[in-house]
Structure formats: C-alpha cells, structure tokens
Amino acid sequence: MTGRRWFPRWSGPADHDARVTPRIWSDDGNPMLSYLAKRILYVLPVAFGVSLFCFLLVHIAPGDPLTAVLPPDASQAMQDELRKIYGFDRPLPIQFGLWLLKALQGDLGTSIATGRPVAAEVWRAVGNTLLIAVLATVIGFLLGSFFGFVAGYFRGSLLDKFASMLAVLGVSVPHYWLGMVMVIVFSVQLGWLPPGGAGPGGSAAWIWDWEHVSYMILPAITMSVIPMGIIARTVRALVADILNQEFVPALRAKGLMDFGVFKHVVKNAAPTALAVMGLQLGYLLGGSILIETVFSWPGTGFLLGNAIFQRDLPLLQGTILVLAMFFVGLNLLVDILQGLLDPRVRRR
Amino acid sequence: MAETPTLDERDRGGAGTPLLEARTLTKHFPLGGGAVVRAVDGVDFAVLKGETLGVVGESGCGKSTTARVVMQLIAQDKGEMLFDGEIVGGLSLSLKEYRRQAQMVFQDSYASLNPRLTIEDSIAFGPTVHGVSKQAAILRARDLLLRVGLDPARFAARYPHELSGGQRQRVNIARALALGPRLVILDEAVSALDKSVEAQVLNLLMDLRQEFGLTYIFISHDLNVVRFISDRVMVMYLGEVVEIGPVDELYDDPRHPYTRALLSAMPSMDPDNRTMEAPLAGDPPNPINPPEGCRFHPRCPQAQTVCAKVKPVLATAGEGARQVACHMEVAGSGHSRAPKLEEAA
Amino acid sequence: MTTLTEAAAPVVAPLAKSPGYWAGVFRRFKTDKVAVGAGIVVLLIILMAIFADYIAPADPTRSSMLRRLRPIGTPGYPLGADELGRDMLSRLIFGARLSLFMGVVPVFIAFVFGSLIGVAAGFFGGKFNTITMRTVDVFYAFPSVLLAIALSGAMGAGIANSLLSLTIVFIPPIARIAESVTTQVRGMDYVEAARASGAGAGTIIRVHVLGNVLGPIFVYATSLISVSMILASGLSFLGLGTKPPTPEWGLMLNTLRTAIYVQPWVAALPGAAIFITSISFNLLSDGLRSAMDVKG
C-alpha cells in the first residue's frame, strides 16, 4: 500500500480496504511480490506451450519437413544424411528439447531461402515492425481516447453516435483493404505520399527525415484504425461507468467545476485504457502482417509473407515464435504495470 | 398429493430413531499455502422426526456449510450422517435415494430458479429425474402450487422474473416438496423477504409441516423467527456447536456465554427486558486460525485460563434436554464457576 | 428451452404461456433500427450468394483480353472489368458465396467445439478446468491474425486448410467465454437445487446449464463472423486461401492489387464488399447482444 502517506488523516481507500478486509484474502508478506511471482509462474507454462506450438508448426506441414530443403532428385543416402544433420531422425520430444535449447540461446535455425540465420533476419524485421506498430498504437490511442472520452462524456449525443459508429467501423474494416484505399487516395490520386517501401533507398539506411518518415505515415495510420476503434469503445465504457458512480455527483455537489470531474475521470480511466493500449500494441505486432504486405514495409509481416511464399518453414517458425513471445512478454508487462498502478488488481 | 406417503409408511427406524443424525461432521476448505478454513469442525447433532431444528449463529459460523454438507451438495471431509438410522450414501441408502427424502430451500429466491424454465417446469424437474413421467410431474407441480398458495392457472406457465420475491420463495418451497421429502433444509429461506411476506411464508411452512409430516432444519440469523418456528435450537460458533436444546428453555435460560451474548443482542419489545449484558465485543475470530481451547474464549466475559487451553466438549447440562460446550457446565473442569465435583456426584 | 413444456402440452391442459425469454429478445431487437437494418443487409447478401446463378449478369470466370480493367459504368460491365476482363459485378456476386462460407462455417464449427470444451471445463472445474484453460491460454498468446497465418502458412494454401486454421483460431476464445459463463451458472442456486434433487451432470447441463449459457456464447460467436470473414479474405489476399480463378473477395483484392494505378476504384470494390458484409454482421451482433442483455 503505497499511496498518500503524506496525508495524515485519510490514507486513501486502498489502505482502508487493507485494514478491513480479513487477512484470508491476502498472502503473507509483500502482496506486490507475491502478485509478481504469481503472474510469472502463470506465464511460464504459457510460454512453454507457445514454444511447443511453434515447434510443431513445422511438423503439421504436409509431407516431410525436409522436402523444402531437398533437391527434387536427392538420393536416399543424401536424404538420410540431411535428416541426421537436421535431427529429424530422432524422436519428437528430443527434437523439441534440442530445438528449445537452441532457441533459448538465440539460435532459431537457418533460413532455407536465404541460407542466413533466422534470428538475424527476424531481429532486423522486428525493429521495423515495432517502429510502425508503436507509432500506430500512439495514434490509435490518442484518437481513440479522444473519441471515446467525448462519447462517454456526452452520452447519447450526436457526437457519441458518431464516435460509436467510428468504433464499429474500426473493428469491421478489412485493414489491408483500407491500406489499399489509402494508397489509392494519397499516392495514386493525390500523389502526396509514397505508396510503399521503407524509404527512398530501400530499407538499408534509416534516417529520421521527412523523406523517410513519409513512408511510415500511410502504414501507421492504416494500422492505427484497429486499436483506435477498440480503445474508443473501452474509454467510452470506462468514462460512462465512472460518471455513473456516486462520487461524481458528490464531486459536483461539492462545487468542483467540470474540470475537477474531468481530472478525476482521467485519473480513474487511465490505468485500464493504458492496459488496453499495451495489449493492442501486442496485437499489432502480430496483426501487422497484412498491412506490411500492402505497403511492402520490410517488417516481420513482410518476412512472414516471404516465408509463406517460399515455404521457408524455419523462417516462418522463427518469426512466429518471436512475435508470440513478444506478445506474451507484453501481456506480462501490462499485468505487472497494472498491479503497480492499481492495488485491487493484486488481490485477484 | 394423495399419494404422498405418510410418516409411518416410510419410517424405517421407528419413532425413537432421529430422522437425521450427524456425527462429527467436518468440512475444511483449503485456501492454498497451507491455510485451511475450518468451516464445519466436528459437528454432532440429531434432528428428531417431525420437529423443527433451528440453527443460529453469526455469519461465517458454518451454518450454511453445515446445510450444504447435510444436503450433500458438498462432501464432508470426516464424519457421517445417518438418515432414519441408515448411513447416507451407504449400502441401504444411496445418495440419490437420500436426495429424494431430503430437500433444501435456498435464501436467494431468484437465483434458485432457472430463469429459462417456467415455474411448473422448475417444480416438475426433480420428479422427472426420479422417473416420474413428465405429465404426472406437471400435474403434481400444479397441485403443489395450489398448496403453497399460488393459483396454478395464473402462475404455472410464468417465468421467475414475473413473480415477486415472496411468490418465488413459495415456488421454491413447492419445488422442494415435489419429491415428497421427509426432511427440508431451509437455509435462510425467509431472510431476504419483507417482514409481512416473511410472516406469511413462515405460516405456510408451519402448515406444510403439518400437512406433509415434514421435519425442518431451519437456518437463520434472525433469532425471533427461529424462536417462532423451532422446537429445538442449535447455536453454532466458528464451525462448532456450542449449545443445543429446546427452544423455550434455551431462549429463557441460555447456558453458554455465547448464546447469552447472542440473545442479549436481540432487540426486545419489552422495555423492562432491556439488554443489560455487554454485547459481543470484537469481530468473530478468523475460522482459518481458530483460537486454541474454547473458540469463544477471546470474546468471552467469563474466560479463564482453562478456557484458553482445553477445548470444552458438548455435554449434557442441567435437566438433560440441553447440551452445552462450556467449562462452566462441567464439574471439575478447572473453571471457578463450574459446579463442584461432590455436588455433581 | 421450451421443448419440455411443449412435450407436456398434449396431455396436460395447456396454460396460457407467458412470453418467454426469446420473445422478449425479439421484441427488443425489433425496436433497434440499426440492428434490423444490418439484419436486412445480411439477409440480402445471403440471398445474393444463394441465387448468384440467377442474379449475376455474366459468367464470373469468362475472361476477355480485350476488356481488361474497364472502369465502373462501362456498358455491359456495370462495375467494370477485372485484370482478365471478367465482369466485376458477377464476380462480386459469386464471391459472396465463399466469403460468407468462410465467415460462418469456421465460427460455427468453433462454436460447437468451443462450447463443448468450455461448458465441460466450467461445469466440472478442478484439474480438468485448469488443464483445458491453460491450453486455451497458449492459443490466446497469439494474436488471431498471427495464429491463422501461422497455421495456414504451415499447412499450405487451400480452402480446407484455411477453414481448419480459422476454426482452430476461434475455438479458444469461444471456449474461454463458454467456460466463464458456465462457471457463473454453475454457482447459481438453481444448479445446486437440481443437484439436490438427485439429477446427474448430463441432465443438469442439458436442462439448466445449456439454456442459460448458449445464448451469450452464441452472441459472442456472431461477433466473430466478421473477424472470420476478414481473416479468411486476408489469407486469400496473402495467397493462402482459395486458388484462382474462383471468385473470392480476398483473392480478387489480391489479384487486382497491381491494378490500383489503372482502375483504382474497381480494384477497391472487393474490399468494399468485405467491409459492408463485415460491418453488417457486427451491427447485427451488437443488436443481438443488447437485446439479450437483460437480467434474467
């Protein structure tokens, strides 16, 4: 219980709660630490399951996982040789163990198409994906919170209807198509922004100037539509909920002006909204695939597209493992941050 | 319900055998991390045929858990129950057969009716489980509605949300009676009702007991209601029985200090009979780590050293119909207020 | 829900039955103009897909090298012609078939299996619940797009593979909802009362659990239809779904992608079709949810 020790008389609802609630519901020791431990203990099996799933991806692929690497006229001896090299001759659990061990050391195998290590390819692409995913999340968060807030604050008004409609549009639109429409309007018709790629000279050298940034704008805005709709919906519900609580009329009755109420709502809605934003960033990391394909943005989605096109299974497996782990880690981070911000969460 | 068997037809053990006998019933809930809630901790009691046993105590004393264990909705960890002399779940009395003979009415009248079933379907459900044809069950349901004071023509095909709380509780009573039980457990069955409705439902319960030859276990935190309906009363504290005895005797002359405190906290209509004794101090201790010795001793005004060390057992006190778990009732217990040994001898 | 009463009706004198829960839902739904409108659009699209043979003005696969990429409004080609000179309108009409199929069928299969898993986990609880829900959590650790692409990418292109991977994508979320709703219902006193009357697990689930649980799960599943459509089209867009020349909106969008410099609005049409269908399904689902969202 951290908050407001400097304020002697009233130690805040959190402290009050802790005193009244019987100790049945809280473990001994530091509640934050035990919450942390619980979250991490929970994530470990999930991360293990995710690895297992990614490992099995190669094995659910039809046919021998070797067919992709083998020349069509490979001799039996050569096949056996390669099978041994790749370890495919061993039982699955052992293969999995070895694969996991390597993955933990950062070795995700070798791309069949390029012959380069998968890990290096993925890391380079992850940077690019993060770049637009973060940008898109920020744009989506700002616009979404704005629309959601306005909608929740003026419930039932035209503004509310407009914002609600926007939220539905955001979750209903096929974003890859939206990307195409953006390109049609802003590149083909108006000629304002480049239609795709990651900078005038390809992706090799990234510089923060307008030339380069202009390549980010369309993919980022397109991508921001997804979190925008969801954040608008969440914020609207949160604001409406908080305004319905009894303390708001009380604040108004105390003569607090609307700005006071506004501050209060923001303070109460922020943790949840931020948590949703964090989760959305995770979704975008994985959901960017189609948008990156539309804009030829050299991120993980683009990489995945290539892997699928060339049936480069190690690359596919590595990219998906990294993205999923990012997502799991982000979820954990959001949980921990929520635990820090909101003591109620810790008791769950 | 002409086919409702009378008490005699179904009686197995004779009038002298209690309808239900609980022996050291125990139910602990592990909380994780080694902590255990001792919700019901070695409870012994008997319910005689045709009587109403009231069960009182503060919230968290294990009344409801006791009810659920008696109904076998949760299995006990230790102890056994004898229904009319036969072990519940044993060879001669299967659990399913027991459940036909014992039924329960819950506190929340709304939550205890399936919102998607009509009233008559809800009542008819139990009998169909036991092989009664759907048509016969529906007819019986309508008959029962009549008996609990609801016009079947008006109510049978309605849904729960269309009824008032009192009406719904009548439906729940009818549902409990649909299987023709001998024992009905009423777990705070009237507690959520308005006072006027509560009185009507209580009267209905009294009438039904007469009509169907029922035996009740009546659980309530409302001491007035328990006094009104019960023949005998059992007082529970932190998962244990502290006192049990005939209702008037127990209300007029409570022996256990906890019973005394509980009764003195009861509002009285009589200005001459105002509360003189100090009401209970402090919150009830945690059932996770109940105090050593007598569980009531930290709050007991007469507590002495022996109370903190030795756990009192439920023993006959006074004229014989009463049992109390208190060192002050046991000769030679070491408590200064206990009867002298030679007196007792 | 009502089957029990109906079964009894012929023998026992029938009583004037109160309007049941679903009647109330329908009454509330009728007053929701947006939802009704969306429902009509969905119905029209479904009819269009069923009667495509009669409605479509031309053969959706007949190509013409002379009429490639005609603009909207060309005589004989009301919505233009695609990169192989095929009539866009006809292709859009026929494309509704596969797109609707890929929107509805995976969700339906996932609804069946997800409900089965979730209801069982929620009702029986304990270790079974823990193991099931942890497995579900593993799938939850993937954003749905990623999961669909991972599975499809590994299994290879084709409708059957897309169908399978989308079904796998939707089972975990449905199972999760089913589990949480069932856990709630299982704790209700009417389930306890049913247990107290000696009913077995199967009977309790059939009579008391399913009726209270399937509605919410169903509403949730309808909200996934638009997701499924978008994902399926997305898979086709990546070349993982249908193969040419089958008309399918996602695939059409893919093959027309290069045409955005020549006939941009013709190229955008298949996406608009996906958008309209998906938003209609979403609004319909929202309407259903609020019509059902009532205590009881």
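Think of it as A, B and C in the order they're written, each chain with its own count starting at 1.
Everything that follows uses one rule, which is that contacts are C-beta pairs under 8 Å (C-beta built on N, C-alpha and C of every residue); 3 or more make two chains touch, one makes a residue touch a chain.
Labels paired with UniProt names: A, C = Peptide/nickel transport system permease protein; B = Glutathione import ATP-binding protein GsiA.
In this text, all values refer to a predicted model and were calculated from it rather than measured experimentally.
Between chain A and chain C, the least number of touching-chain steps is 1.
Farthest from chain C, judged by the mean position of CA atoms in each chain, is B. With centres defined as mean CA coordinates, chain C is found 24 Å away from chain A.
With centres taken as mean Cα positions, chain C sits 50 Å from chain B.
Residue ranges of chain B in contact with chain C, taken from their complex: 68, 71-73, 95-96, 99-100, 102-104, 106-108, 111-118, 120-122, 124-126, 129-130, 134-135, 138-139, 152-153, 156-162, 172, 175-176, 178-179.
Across the complex, chain C meets chain B through its residues 1, 4-5, 7-8, 11-12, 15-18, 20-21, 188-190, 192-200, 203, 207-208, 211-212, 295-296.
Contacts from chain A toward chain C in the complex involve residues 45-47, 49-50, 52-54, 57-58, 60-62, 168-169, 171-174, 176-178, 180-181, 183-184, 188-189, 282-283, 285-287, 289-290, 293-294, 304-305, 307-309, 311, 313, 316, 320, 323-324, 327-328, 331. Residues 134-135, 137-139, 141-146, 149-156, 226, 230, 233-234, 237-240, 253, 257, 260-261, 264-265, 267-268, 270-272, 274-275, 278-279, 281-283, 286 of chain C touch chain A in their complex.
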